[in-house]
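Below is one structure, written out as structure tokens, with a few remarks after it.
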Amino acid sequence: MSNAPTALSLDDVHVRFPVAADWRGRPNRYAHALNGVTLNVRKGETLGIVGESGCGKTTLANLLMGLVKPTRGCFDRGGASLQIVFQDPQSSLDPRLPVWKLIMEPVMVNRRSGSRALRAQAAVLAQQVGLRPEHLDRYPHEFSGGQRQRIAIARALSAEPDVIVLDEPTSALDISVQAQILNLLQELRAERLLSYVLISHNVSVVRHMCDRVAVMYLGQIVEIGAALDVFAAPAHPYTRLLLESVPRIGAPFLEGVPQDTELPGNRHLPQGCFFRSRCPLATAGCELPQAMAEAGDSVVGHKCRCHVRCKKEER
Amino acid sequence: MTTTEQPVLEIDALSLAFPVFKGRIKALNGVSLRVGKGEIVGLVGESGSGKSVTAMAVLRLLQQGSFQVDQGTVNLLGRDVFSLDERALLAMRGRDVAMIFQEPMTALNPTRKVGRQLADVIRLHQPVGRAQALVQAESLLRDMYIADPADVLNRYPFELSGGMRQRIMIALAFSCNPALLIADEPTTALDVTVQRQVLLLLREKARERGTAVLFITHDMAVVSQFCDRVYVMYAGAVMEQGPTAALISAPAHPYTRALLRGLPDNAQPGQPLPAIPGHAPDLSALPQGCPFRERCPSADQQCVQRPPLQADNGDGRRYACWHPCSSQVTFMAEPV
Amino acid sequence: ATPQGTLVIGKAADPQTLDPAVTIDNNDWTVTYPAYQRLMRYKQVDGKGSTEVEGDLAESWTVSPDNLTWTFKLRPNQKFADGTQVDAEAVKYSFERLLRLKQGPSEAFPSTLKVSAVDPLTVQFKLEAPFAPFLYTLANDGASIVNPKAMAAHGDEADAWLSSHTAGSGPYHLASWRKGQALTLEQNPHYGGTKKPTLEKVVVKIVPEASSRRLQLQQGDLDIAEDMPVDQIKALKNAPSVKVREFPSLRVTYLYLNNKTGPLKNADLRHAVVNAIDYKGIIDGILLGQAKQTRGPIPEGMWGYDASLPLPKQDLDAAKAALKRSGVSKPTLLLRYSTRDPNWEPIALTTQANLAAIGINVKLEKLANATLRDNLGKGDFDISIGNWSPDFADPYMFTNYWFDSDKQGLAGNRSFYSNPDVDTWLREAAQLADQDKRAELYTKVQQQVVKDAAYVYLYQKNYQAAMRENVKGFVFNPMLESVFNVADITK
Amino acid sequence: MPEAAVEATGAAGSWRHTWSYFLYQLRKSPLAMAGLAIIVFVCAAVACAAWIAPYDPDAINLVHRLQPPSAQHWFGTDEVGRDIFSRVLWGGRQSVGVGLFVAFASSLVGSIIGCFSGVMGGRLDSVIMRIMDIILSVPSLVLTMALAAALGASLFNAMLAITLVRIPFYVRLARGQALTLREMPYVKAAMTFGAGRRHIVSWHIARNALSPLIVQATLDIGGAILMAAALGFIGLGAQQPTAEWGAMVATGRNYFLDQWWYAVFPGFAILITAAGFNLLGDAARDMLDPKLKAR
Amino acid sequence: MSWLQVVRKRLFSLVLVVIGVSIITFIISHMIPGDPARLIAGDRATDEIVANIRARLGLDLPLYQQYWRYLSGLAHGDLGTSIRTTRPVLDDIAAFFPATLELALVALLLATMLGIPLGVLSAVYRNKAVDQVVRTISVTGISTPAFWLGLGLIVLFYGKLGWFPGGGRLDQGMAPPTDITGLYLVDALLTWNMPVFFNAAKHLVLPAFTLGFVHLGVVARQIRSAMLEQMGEDYVRTARAFGLPRWVVVFRQALPNALIPSVTVLGLALGDLLYGAVLTETVFGWPGMGAYVVDSIQALDFPAVMGFAVVVSFAYVLLNLLVDLLYRWIDPRIKEVG
């Protein structure tokens, strides 16, 4: 897997949004959503992206989909076609369209073929994602959340993409439905040789689904590597903190002294390592910007952005 | 847990419905639940299973006229909530029972400073002046491990982070030392790192002050690490209840069991998850009998009859099922 | 109730401008007329207003035999409100200003008029052509004598200043003007007139709604209510302590028929219209009988009135016959009007109904008055409605203006009537000094134009003033509608 | 959002669903019912004027002028003896017609411009919005009066003038809608499919912006009727002999003291009709506004 | 954005709006058929006189030059000279504006003082009898032709009962207070002239009620929906959950927040009131801008109409600015944006 050809690549991508403007309408303050993301998505793999709220996951998804343009850096689609499934199945489906039109929308945008043929195609897709043919003429409000997400998945499939970006595809769903959707995604991937970019803050989902994971913090990838390696031996102190905080079934009762935890803001980027202020390992050298480097455990492809936890590379 | 003692909260076979466009939504269908003194009780269930409605019913916070109680009683500190008069109810709210909500963003008044909101509640239940109330509020915030309480008091909610706001809600809740705290998904909107801190805080304070907590969530993992006892709800009814560890390690109800098995934590990465087929029933057209019947692998003719919440032998567990699972399933966390 | 010694007159609208050389509106004259004096004024005969004139500022006058040079001797000791003497220079100044400004009122005077001050109390006017009504025009509001000193004090702004102030030698002068509310006139302390006025103050109160004016009059908040619709008058007649006074007036209402363009070019069609109108119905139904039907252009009360002309009356057979003669089938006529006068709309509706009865279709179009005027000037109508009241007491006002083909359009000949014979007679009459000869010519003119059915002559409306019973001494002058002889009134 | 909540707002779904939900809400609210009843009543009366009206509305009869209400003339007669009841009936055609036309035309044109502006964005958008701001800041009654005067007094021109003046409201509303909808995930999704503006507008924005626009238009009918009446009152509007409520009140006010019926009946007709549309519009807005949904 | 920036931005748009408004009114007023010069000259004026007047008014210039003259006058605060009254338009407006402003302000006061409690009641008792009554009142207000209501009130309260005066701002013979603001009520208070104060107040009752009644409906409706929205918010539930009594929740928590969005709506409505006064004024003979502008339109008095439009638009934009600043002041959340 690790030497599969690259489908997408991002190189040092930055995205910032203007959040305030002076009286002539010129922006004078920004939200720095992505601050140098370098990433490859390989053909056929599932790449997980985890990170806390506001770290830029959705922005990354939007960037991949072309909804936002990088302010700096470059993004190479390499000819791959992409589709997306959003977090909220309710609002990502137009309430005034019947299911079959919703499913076929990506096709109908580009091609005007007979509606009968399109309907037939919709029926096939619907069946693949586990919807019944009689659902085709209903409207989204008549479905449960899980079914709506199925519709959204069918819609993503209709354009026959190479890569599907899944932005928190199950976090609006119930546990009992989450499993159904995750299974469906797994099946489809096997059937259609898709690549997934799975964005989530749910570590368990990422662990379950992904070949590789990238951990994001404040618009940067702080650690990346094969899912097994990262979860088994997190290198970056942030990854550790994250994994420790995830509640787990069967783990002992919570212990410890509550602290006042603040997530960093992205209006003013910190100097040096972004995690420095929360980091238990912070030492001299952290005030410098950190580069991605091979993690200390010498596993191929496991990199992190921490000079303490990385192999010292001669620069 | 002794059951002879007077419970803080006792809900008995509560059924409640909302009349709406085209029918009635039967949100609760015979919920029975009790919270003992100082106990931390979890209430888990999927979206729409009636957790919030239960919580709101306890404090009679549901909008008047929008709902109908079909049967059942709610007993709060020995008093029947539905027959209390308005004044007695107001006095109980906040003083005897406090509640915190899911969205810390909107649960506080956006245009009142934090200090005033705290003082409002303190003064409502204690005969103190405003200055005194602010002093109390400050020490309360310090208790919640807030670094600079004086500054925070002077801020508006929107100037604070989500975690901070939830701490303030918790401070608000503990401000009058209530006997019961109802926490409706207090950490769902928070990030895991923050969630951990908030849960720790909540637990510490509840233990410290002997406050009972009814903790509502849909996250099994949180429950397993946080609660003494747990109730599992489905379609407005309790499916199963019992001490957390026992219930999680050996669920008796097929629903609980399926729920736990469907979690990715418990599966082999990449392998299909044992998902529950179908979806939750429509509350305005509930089928006869067991509400889980249509999705249950072990359902049969008997399930058309609604199963009562029956006691298991001895360990304080109860479940509503004709065909409970017997085999022990052990869910173990992998070592980190 | 109103204070003793103060007369409160209720009017519908604020004056627009108080500059006598600018205003052509009787509504403004209510204020300007008593604030200024003129060389001549209208006579009162037996306590009644008359159209004859007598000297006011002028003590005596002479005219040269060729009728071209007029010399006036001014009455001494006449003073403006600021105490300045009224002298020949002031007269010269006023007339030169009038002619220089060239606004509406200047139209009554020959533009080539020359004025010179012979000595402080003698002033001389020189005309280029004889102008029979000249003496009468001097009683006109436009001939008011303005105080040159007061004007000089305001330099360049003087003209603007005069539009909201008065600078005259009349019995009263404007003390204050609260826009849209009231104008207060106070006595001119230096007034040199023969009779001292008794009222201390005259307040002109602006009450736009007729019904409010009526209510205020009934409640005693007004002493005089002006400009009342006939229905309100009718109701007021029965109100306690209110007296409605009616006077025959020279204000006539008539229909313009477009003689020049459109279907009504056809004289027979015009005759059809003339014969179809329900004159009696209009007077009884719309005016509630408070008007007198007119026979021809010159109304009763003005010399030159021809009592021998037949009274027009509705004669549908004759109308149909005329229609047939005209050879026009199913004509459609455009009747344009405005609501400047509340009676116009009912008249228009009646006309429409009357003509429909003989098979003439009338389309009504109500316009803003300004727009209507524009259309009238351009001859852009078939039928329209108008009121006319004379600026000076001479039949010239009704004949030369209405029928001279030089005055087609807004100037006065609104029917666009043109008849060379009539033109000749009219122009001759304007130059003659002999009133009998002129009357003869005007009779000829009247007979001809009635034959040509140039206009539809409807009625001369009574002037009606509703006042409290205790208001005494009001004298109506048909030349001065809306003007109150406040110097004589007592209460 | 749980299904029940969706259902409770009625904001989503097919038109048939929305309609049946509308009827359901209507049945629950007595005021909305009253509004509907008024509208049905007024529209029926006005539509059947030709059969109901006992007299020719334009037939003048100077002898019977200003008669008080009686068995012959239910609402009395006017200053040239026309039957006011008949004229109120016929006049409704003008007034209600104007209301409907104005609401329809201004919402249509305004929404098209607004959607366009919102979707295009950029320079064009700011230019359009600036123009609308300017029109909005001119006193509307004055602008309408001036426009009506400029176009010439006729009912049609008055209608046109009111329409023109009301357009900016809809431009704003529709633009706001377009901007909101443009941010909706389903529109974002469509963008990722490579959908062009045409597709987005015709598939997503037009359909979803419709309901609030319709509600606003319903609320506006009452306002337009009042505005038309106001113009008629000032004398810019329907031409004689055509009956129109506002103009009737205007003439009637000259007779208000003694012949109260002249102004009262047409004025009351305006009030009732405007109230009917306002009530209905209120009800429609209440139920479409998800923020107001029952909790 | 700091408030200074807001002010700067608004002033910039103010200039734009004023220019735009003057262009629009200029075009429209020149579209109105009819020749004002002829109107001034009078019925029987000769063409020469008319041409003379036209030249004096600059009406013989090409349109763009006329507009340019107007605009450069505007830059110096000169709104031109009224055709009808031959006085500077600014003077005329200055004479009429205070009366309109006073009427509008009192009506606004009346409407808000009554409308807010009614709106609150209506929201609190949603779908109960109280709500139905309030909504009926508010819909009646919104749907009543103001001119018609005014007529009825005059007949009843002046004509029949004689309780209130039938028009004008003060009784005859009552001298107006020293002119400080032009608002009689305020001036009378400032100079402590109680008889005038009460008299002026008495004169205001009927017109202000007429105008305010319409507005009352707007206010009550707005407050009701804003209140309903606020009462559905989570913080209200929090307040209730902690035992705050219902009316405390309504007035101390929900109402202030409901007022925030309403400020904008009500502020804009004051603009509406200003020109809504036009009709009310004609009925009550109120000496304000209403009658002035109606007459001006009828008389084709372009400068007056344009002047009115420009002044009111100016006031409108200024008002918006004030509302904006007020909004920032009462809503702490605004400052955070940016």
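Chains here go by letter, A, B, C, D and E, matching the order in which they are written, and residues are numbered from 1 within each.
Criterion: contacts are C-beta pairs under 8 Å (C-beta built on N, C-alpha and C of every residue); 3 or more make two chains touch, one makes a residue touch a chain.
Model, not experiment: these values are computed from the prediction.
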What shortest step count links chain D and chain E in the network of chain contacts?
1
Shortest hop count from chain B to chain C along touching chains?
2
Maximum centroid distance from chain A, chain identifier (CA atoms):
C
On a C-alpha centroid basis, what's the spacing between chain C and chain E, in Å?
39
Distance-wise, how many Å sit between the C-alpha centres of chain B and chain D, to the nearest whole number?
50
Chain A to chain C, mean C-alpha position gap in Å, rounds to 89
How many angstrom lie between the centres of chain A and chain B, each centre taken as the mean Cα position?
31
Set of chain B residues in contact with two or more other chains
47
Can you pull out the residues of chain D that are in contact with at least two other chains?
3, 7, 149, 152, 253, 256-257, 295
Using the touch definition from the top, which residues of chain A touch two or more other chains?
144
What part of chain B is in contact with chain E in the complex they form?
59, 61, 90-95, 98-99, 101, 103, 106-112, 120-121, 124-125, 156, 158-159, 169, 172
Touching residues (chain side chain E, partner chain C) in the complex
32-36, 38-46, 48-49, 52-53, 81, 84-88, 92, 95-96, 99, 151, 154-155, 158-159, 162, 165-170, 172-173, 176, 282-288, 291-292, 295, 297-300
Okay, in this complex, where on chain D does chain B touch?
2-4, 7-8, 10, 21, 24-25, 294-295
Which residues of chain B touch chain D in their complex?
18, 20-22, 25, 47-48, 63, 66, 282-284
Going by the contact rule set out above, which residues of chain C touch chain D in the complex?
209-211, 214-215, 229, 231-232, 235, 278, 281-282, 284-286, 339, 342, 345-346, 348-350, 352-353, 364-368, 371
